[in-house]
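Naming follows writing order (A, B and C), and every chain is counted from residue 1.
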Amino acid sequence: MDQIVNSLAVGCTYLLIALGFNLIFGVQRIVNLAYGEIFMVAAYAAAWSARAAPGQVALIISSAIIAAAAAGLSVYLCAIKPLGEVTNVNSPRHLSVIVSTIGFSIVLQNAAILKFGAYPQRFPRFLGDSVIASTVWMMIGAVCILFAVHMALRHTRAGLRLRAIADNPELALCTGIRTDHDKLLAVIFSSALAGVAALLICQQIGVVSPFIGSLYGFKALVVVIVGGLGNMRGAAFVALVLGSAEVATTVWLGSNYRDGVAFALLIGVLIFRNRRFHLGQLR
Amino acid sequence: MNDYLLQIATLAAMSCLLALGAYATLSAGLLFMCFGTIMSIGGIVAAAVYSSGLPFLVALGAGGAAGACAGGLIYIGCSRLIGFLFAVATLSFGELARVIALNTERFGGALGYKDVRASPSICYPFALMGIAIICLGIFDKCPMRLALRIIKEDEVNAASLGINIGLHRLAAVVSGSFVVALAGGLYIHAVGLLEPRMFGFDNSLEILIFAIVGGTATYVGPICGAVLLTALPELLRFSTSLRMLFYGAVLVVIIIFRPEGIIGSRFGQSRGQTVIR
Amino acid sequence: MLQVDNLKVAYNGAAVINGVSLHINYDESVALIGPNGAGKTTIGRAIAGLVPYQGQIQLMMSGGTTSLKHLAAWAIARSGIVYISESTSIYESLSVADNLLVACAVLSTARAAKSVMLTNLYAHFPFLRDRSEQRAGTLSGGQKKLLAIARGLFLIQCLKTLSLEHPGSVGAPLFPLLILDEPSHGLSPQALDTVRQALRDLNVAFLLIEQMARFALNICRRAYVLRNGVVVMSDFSEAVCENALLRSYLGLSADRASTLWTKS
């Protein structure tokens, strides 16, 4: 029973990160490997403000979101936008974008190491004093955010525009949608999602380190690819599966192999299930 | 002082070999992201063979062969995937290998593989690098190089020209892995230790960065990239994190402003070869 | 009036359009016909802002002249010039209703006006209402084409309504023009008739790019005949039909010519 709750909790953390990743992929058709680092920057910003002004929940939340949005925008403007539009996911230009975002993520990660040190630091639990309370908050947050994103995509005008751009970018242009504005909107929105994810996850695990970016970022990548690029419900499902698999591995094989599960899952799915990866859906 | 410079030169020579191996796969249009694993496999096999008493060259060769096999197998496993999925899959292989190596005593565990004899001679890296350059010079003139260039530029047309894409790419991956594994063998004997992190993504990326920054059009590019990116941080006494930050920044700048690398495509392209459009 | 002056378009150094000039008056229906490869689609795309060109494309209205050359494609769409391409251009993963409503996602059209316009559209294309919650990708090819046309019509209507209620909020000036690229491709004659009916009832001006000369000349007032990137004839549709030389270009036989133009 304990393990089931554990699996759900872990699954929720991966879901949180995968949401924003999905959004940016669906709308822009690029894999942003610096997304984990945006998450990390937000976590550090939140930790800093939680230490500077303990108890001010609103301040902590907004500092995380603002830091995340700033980081996301700088990644977009410096590493993605200068390379131009990516139409085909398998084109060489997309590979250049991926490599460019990897470079940016290395810069961010090592800047954090230089500034904060490579060892994990404590992240104050400002939403509850115990592990259980913070876990509950995190899961509630995850479900709420999933619901909110779903509603926003389905029932707002901006959401409809983003889904249209994800489906058929050229048609969107002909229909009068300002794709450049809406892409910026997508960047900001997905970065904000990363910021919120950072808050909820870090206050649950209680630590923050420069390496959580690549760790959670890669898990998000796995969830997104296996669940279907741009498919939110698929991502939710895969996140839970991954969470359960990791908990099971920890129980049977020991915690050392825990991180390997994600990689094994990805390889297994990619090699043995050669499905067509549908593009152009954001649902 | 001389000793220190010699150390840097040796390191640079090994990096050149690594970069040339990466160049082989990049020139086929593949983003093969588990060179760290190949290098480490080559290193461990070479160390095991050398420690059991066989001559150094045999050890290196064994390491190289092991690496080539591993690379070939990984490529065959992932060959149905295209573009970025191929990159992601090879990345996962690399990280999976790292996790396994971290937790297996046979491969060194957390502290790394230590059962290594000292390298017999300092001139091996340079000799091998010289051989590699000569081989590449010969290879550049042969029709396979042209085939790879066509594959990289335009897959569809390559197929319609009757070029067996899969076979050519496999050859590129296998030969690149061989060279990288050789370099791994040299590395482990020069340093005496192979940490598990060498299996993983960080190391693979470093190797790729040498080739990408240097330029992937000709084989001169990766050499320049490797020398520059190895010597500069050492001479500037960068700490590890600062060195990685430097690599990341250089990568972003190069990709955006000069995507063909420092040595662009005009330099050293052999005459008499026309790229069929 | 939309004025195209000496338009030149080249793809990779090969000239596709070689100095074409034409004009479309406000609320007029014009046909652009000619054999395959004449460059008709390219002209449509140039007007929509999707390809770079040399020459001038301008909107000459009472308020002044606006050049379309440096406007982005979305800005051109917002001034009423909606291009519907030959290959089915719909949002496959959105529902049918959402496909139509995307226009409203861009403009803030009042709810009442929206439902009125939708009802009008549904009157002409009843299958849209029946399948409004279905994923657009599951429609048949012909239905997708009709959906694309309906989408364009809806956008134009929204723009018209908006400019009436809040002048200046739409891309100024407003020149509602539907550019239809080869609608006869993939549409049955009944469907074509529905389209024709809708265009007339909803009072939308259009530029019809067509290979099926008979159909185009039947519903447009004026026509331009394009061949090899230049205009070879421009006149009212009846005159085009009567021209013997052109009849041979367009494959119209002599005895059918007089029955072609029926006042409708």
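By our rule, a contact is a pair of C-beta atoms (placed from the backbone, for glycine too) under 8 Å apart; a residue touches a chain by one contact, two chains touch by 3 or more.
What you see is a predicted model; the values in this text were computed from it and never measured.
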Q) How short can a chain-to-chain path be from chain B to chain C, counted in steps between touching chains? A) 2
Q: When you average C-alpha coordinates per chain, which one falls nearest the overall C-alpha average? Tell me, please.
A: A
Q: Sort the other chains by how far their Cα centres are from that of chain B and give me the top one.
A: C
Q | Intercentroid distance (Cα basis), chain C paired with chain B, Å | A | 55
Q: Would you mind pulling out the distance in Å between where the CA atoms of chain A average out and where those of chain C do?
A: 42
Q.
On a C-alpha centroid basis, what's the spacing between chain A and chain B, in Å?
A. 31
Q. Once bound in the complex, which stretches of chain A touch chain C?
A. 157-158, 160-161, 163-164, 166-168, 170-179, 280-283
Q: Would you pull the chain A residues touching chain B in the complex into a rising list?
A: 31, 78-79, 82-83, 89-92, 94-96, 98-100, 102-107, 109-111, 113-114, 118, 218, 221-222, 225, 256-257, 259-260, 263-264, 266-267, 270-271, 274, 277
Q.
Under the stated contact criterion, what part of chain C meets chain A in this complex?
A. 48, 50, 72-74, 77-78, 82-83, 85, 89-94, 98, 101-107, 151, 155
Q | chain B - residues contacting chain A, complex | A | 29, 31, 77-78, 80-85, 87-89, 92-93, 95-96, 99-100, 102-103, 205, 208-209, 212, 239, 241-242, 244-245, 247-252, 255-256, 259
